[in-house]
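I'd like to ask you about the structure that follows.
As written, the chain order gives the labels A, B, C, D and E, with residue 1 at the start of each chain.
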Amino acid sequence: MSAPAIEAVSATPALSFRARHRLGAFTLDLAFDAAPGVTALFGRSGAGKTTAAQALAGLLRPDHGRIALSGQVLFDSETGVFLPPHRRRIGYVFQEGRLFPHLSVRRNLLFSQRFSARRSGDAASFERIVALLGLAPLLERRPGALSGGEQQRVAIGRALLSRPALLVMDEPLASLDQARKAEILPYLEGLRDEIGLPILYVSHSLEEVSRLATTLIAMERGRAIRVGPAETLLADPSLFPLFGRREAGVMLEGRVAADPPDEALRDEGLTAIETGGGLLYLARTDLAPGATLRLRVRAQDVMIASAPVEGLSALNQLQATVAAIGEGGGAMVEVALLCGDQRLLARITKRSLRRLGLSPGAPCVAILKAAALGRRDVQATS
Amino acid sequence: MFEVTPEEWAAVRLSLIVSATATVASLPFGLAAALALARGRFWGKTLLNGLVHLPLILPPVVTGYLLLLAFGRQGPIGAFLEAQFGIVFAFRWTGAALAAAVMGFPLMVRAIRLSIEAVDPKLEQAAATLGAGRLARFGLVTAPMILPGLLAGAVLCFAKAMGEFGATITFVSAIPGETETLPAAIYSLAQTPGGDAQALRLTLISIALAMGALIVSEIAARRAQARIARR
Amino acid sequence: ASAQGPLVFAAASLKTALDRIAAHWRDSGRPAPRLSYAASSALARQIELGAPASLFISAHPLWTRRLLGLGALDAASLRSVAGNRLALIAAAGQAEALPRDAAMDETLALAAALGPTGRLATGRVESVPLGIYAKEALGALRLWDQLRGRLAEAQNARIALSYVARGEAPLGVVYATDARLATTVRRIGLFPRESHRRILYPAALTAEAAAESEAAAFLAHLSAPSAEAIFAELGFERPAAEGDATAA
Amino acid sequence: MFEVTPEEWAAVRLSLIVSATATVASLPFGLAAALALARGRFWGKTLLNGLVHLPLILPPVVTGYLLLLAFGRQGPIGAFLEAQFGIVFAFRWTGAALAAAVMGFPLMVRAIRLSIEAVDPKLEQAAATLGAGRLARFGLVTAPMILPGLLAGAVLCFAKAMGEFGATITFVSAIPGETETLPAAIYSLAQTPGGDAQALRLTLISIALAMGALIVSEIAARRAQARIARR
Amino acid sequence: MSAPAIEAVSATPALSFRARHRLGAFTLDLAFDAAPGVTALFGRSGAGKTTAAQALAGLLRPDHGRIALSGQVLFDSETGVFLPPHRRRIGYVFQEGRLFPHLSVRRNLLFSQRFSARRSGDAASFERIVALLGLAPLLERRPGALSGGEQQRVAIGRALLSRPALLVMDEPLASLDQARKAEILPYLEGLRDEIGLPILYVSHSLEEVSRLATTLIAMERGRAIRVGPAETLLADPSLFPLFGRREAGVMLEGRVAADPPDEALRDEGLTAIETGGGLLYLARTDLAPGATLRLRVRAQDVMIASAPVEGLSALNQLQATVAAIGEGGGAMVEVALLCGDQRLLARITKRSLRRLGLSPGAPCVAILKAAALGRRDVQATS
């Protein structure tokens, strides 16, 4: 089995996955260990994400391999172990709803209740999830009479309410509107951070992945081309073509400043973050002082100045030195900066590069707007 | 012409009891056979399939005769059942029910089987990921989905039972009040010159009854269909 | 079709005999008749509704009489081709109380011999010829009352016989011709001739075929010595010469 | 015991011809009826439904007699057809085919109907947006999807036709070489002393034939099923 | 029928849609006239987009209303006109694939060929579309064995090959990867601009909508809350909540400078665009001089400086004056700028607003990075 170089993953993997399976001309040949948290499968259409997810859930029995979830072996072609899907306690949000047409939305949501008290969602969480997904008006309806997005929401709720040991979500938010996504994503973060529920997350949206993923698996033609911690891979230029240049960037580690540099800050709805590279200002105030967090900074949101700039609306200006200058055709170049111990990526025109006379080692100032650091780019760590 | 003799009433009542019993009693077996044929992968599946269709292929008289050989007092199965459970088919209404059930079986199985084959296995997969085991999956997903097929199978079996005659009369003869079902009565009337009018009357009665069952089943089926209808 | 012989509608219970006679007839160089066997009732209705049959051979005068009444048969050609008797039989190893060749009269303790659950097999007493004769005979011997409700009425003579042959019914009233053939049954006795109307197989040309020489010839042949020999060999009786084929 | 007389061969050949004809000839009507019952919204639908089931409910003898009344030489329809198109059913093998078709009709219709009801109307919608009219939609989408049902219906009808006897013999009698089908031959043999062995032989033959048809249909159905199978 | 104020739409509407229809508790009550080009239905899940699309395609017969496509009446409850779907020549990409399971991908794609020569796609366009959608390896497969995205692509191809008079696309790209989207969107633009094929486009992605839409219809609970030209509505702050703040911005009209201001430009892979507000630089060179185009500028990509800034990597600096200052809570504020005759929106922190002492009428400089003006933000007009 082709196990790609696996970059530093926590000692005891929450999920250890090795599977080879042929489907006609396609062959899934995937091996990875995932840290606790959200493992994102990322790859182009037809890469094998759903196939992998189904192998994990036991909906498909691989020709070869071994799958273990936090110690328990779910499948092993050697020993012939194959735990049937209904004993795996893996909740699955299917790419296509797969709701039960003969049951009302309510009964769809409560379907799993019948099976073992431990799994059944209690009233509280039922109300909570119905509210989260805006299903209240739909409870007595039949899936056949729901809109695409409504069906998707019911499917999500059904899986969440089954109180799974692991959650598989196959493009769960694809057909939902921005506002709804903005409501659901924090909830998923909650599952990840508070309950510590492991999630296998399939998505084409780098926004979702970069926000949720702990481990990222980049797939291509059934194989993992890269497996590793999300922040590492998301900052890896060699993967930018897969992500789309727009989203390329780095993750900054930081902590909310205990004592704000100036008192006006809070009133103006800003929070100061101490990073290895200096202070950054976020346009939000709901972060507890001292809390550590990860900031996603897109290369294209970073500007470079030769010296600190006065009278500019961009608040965040960090002293930096040019670490490296990427090459490649086109008008743009990625410039790697070092702000203290933090790497930053900036995407600028070659013209600016020339004008500013930037070269490795040269001191400069990295400028980024608070506006560019949206809510979705910030995630709490612990 | 529409006064009905007690004997006729007896026949009507008997036919209803026999048909209902045959239908209800054969449903579980029909369901099992349909499942095996639709989903099963086992040796001798073709054989089972053939066996199920046999009553359709054989002339009813032959079926009846074979039943007599097997389930008669002297027949291996018949003797066994009588010895073990005191169940007797020969010349009893139970025998008529058995004959009717056997004759209706192929129809019932096919109807159920078709609707099983129409169920999307993906739904059962979904149920599995929600913790439903084999049985739960069947009971909570498959069964409700195939309800229309079950109803169709039941009504076919019932209708067939209401009309069945060749096998029944051969197996358990036509003992008034015990095994003389409507069709048997009709037949014997049709065999006697001048019995036509009476035969016609009984025929109309049996049609009315079967139609009733038919309409009920249709309504039930429409309900079930509507429940699983895609938008 | 000229090459083909006449189309004969005959009661199924005559199949063996008629097949042989027809074969013999063919061997004698005559166009072989086509024999369609079914229940007399079905055949009669078909003739009534214009079946292209030339000859009708029934197992019982009932339907013949009806067709005569409708003018569907040629009365002049009516004759009985064979006769038969009723036999009381018992299943092997059952109803031992009744000795072989017991006296066939009201002393027969049939109900007793049947035991608590046993039944007496015969044709359907309302519609099947065998049953009709049997009811008469049992009535005449004043056995009917004790047997009412103890019968197993089959839809034809063969099945009645097989009930006894299979031991499903301890006793049976069947045609003597059938009784002879069943090896596994014990013949207790023949019912007295006078206990029931004579069992005759009436035959007649259909109205359309009245002028059909081949049909008439075959009908005649049915009474020819060669045919009678075959009937006799199978246990049938010579019919009364006089044409009371449909006598009430 | 296994030499087969010419008469028997005649019966076998006839039964095959009759059954095949009955099946093929009734398919279009069965399909039409199934469509009407599954999709149609019209007055008298219940009536049609009842009519279709009638042959199941009535004792075959009665069905045969009704056929005789309607399609006999003197029957209204029979007379008309003979006069207009020179089509004669009475006492011809065509009549046997008609009887078989009528008896098999309810089974065929139900099978087809069930599979029609299982077709997702959304697919026909999609076809419509691609320019397919009513007919094209049916021919290119619905028909292929219900192929398994069509096959099931056909095989049920064929099997039934191979075994049908009561209606046939009542309608067209049992004229050797013309209307004496296998079951009729078996019946009359079963009636004659010592005919059992021969009857058994013929029975085995008819079983063999029907099984053949069954297996063929199963294979075809599996193919069709596989083609429309969801992943 | 509630016809909302319809903002300036071309005199002869390509599509005139008025329909009222009840579905259980939901009522579609939609009326709009659409200019030729792409009409986008935008709205939250359950807003009634699919219902409206189905009414247009004739898959659903509204209780009341009138629908006319470039003059031809498709439906009119008054006169009882109802053109059946197969006679409307409206290609439909369904939210859920709806492929024919019994036909190979090829036969699915060529399904429409049978019906009237005029509709059938000729070999050339078949090859073209198969290539565009990357279906070549799938042609002989059955839909049942395709991945979600592959099915979606086949569905798109099938509709495109039916040579429709109008194309309805219901979230066609939802389950596709960025790269694939980036390939398909230009093709759709081509259909819109070259062939002039009218398209009704349903999507939750403002990226797609802002790029494709000529007319935009914002729906809510079955009604249109706004109908109008895309550029107008996309720049309308009152709709930002619906779009999501990140995507808020304006459309700039411009034309490719005939004679580049300096010759180095091309070599550096840049193109100068003349806008009402001055020169802008784009990081691409494939635009013909003189070509007119529309540029989407996100408010959060615009910075404000009190004076031109030297030594900054951001190339585009436009003289501007503050037109208006939005209010509302939070740390951020939208500032409307006027660059010549062009409106611009900038999203900055209140702190910067104060620091720069900006007030209506105040002169300033609008700064935006070339990197922020991605390919997807530029569309040719004519």
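Some points to look at:
The rule we apply is simple: contacts are C-beta pairs under 8 Å (C-beta built on N, C-alpha and C of every residue); 3 or more make two chains touch, one makes a residue touch a chain.
Since the model is a prediction, treat every value here as computed from it, not as a measurement.
Any chain that touches subunit A and also touches subunit E would be listed here, but there is none. Each step here moves to a touching chain, and the least such steps from subunit C to subunit E number 2.
Fewest steps needed to get from subunit A to subunit D, stepping only to touching chains, is 2. Put simply, the C-alpha centre of subunit B and that of subunit E have 61 angstrom between them. As a whole-number value, the distance joining the C-alpha centres of subunit A and subunit C reads 92 Å.
Averaged C-alpha coordinates give centres for subunit B and subunit D that are 20 Å from one another. Contacts with at least two other chains are made by residues 145 of subunit A.
Listed for subunit B are residues 61, 65, 122, 187, 190, 230, each touching two or more other chains.
Taken residue by residue, subunit C touches two or more other chains at no position, since every residue touches fewer. Inter-chain contacts occur between A-B, A-E, B-C, B-D, C-D, D-E. Put simply, subunit C touches subunit D in their complex at residues 7, 9, 12-13, 15-16, 34-38, 42-43, 45-46, 49-53, 156-158, 177-178, 181-182.
Against subunit A, the residues of subunit E that register as touching in their complex are 23-25, 43-46, 50, 95-96, 137, 141, 145, 147-150, 152-153, 170-171, 174-180, 182, 204, 206, 241-247, 264, 268-270, 281, 283-285, 299-301, 303-307, 309, 311-315, 329-332, 346-356, 367, 369-372, 374, 376. Looking at the complex, you find that subunit C touches subunit B at residues 39, 41, 44, 62-63, 65-66, 119, 121, 124, 126-128, 149, 151-155, 159, 162-163, 166-169. Residues 46, 49-50, 53-62, 65, 106-107, 110-111, 113-115, 117-118, 120-122, 148-149, 152, 156, 159-160, 162-163, 165-166, 183, 186-187, 190, 199, 203, 206-207, 210-211, 214-215, 218, 225, 230 of subunit D are the ones that touch subunit B when the two sit in their complex.
Against subunit A, in their complex, subunit B makes its touches with residues 122-123, 125-133, 136-137, 140-141, 144-145, 227-231.
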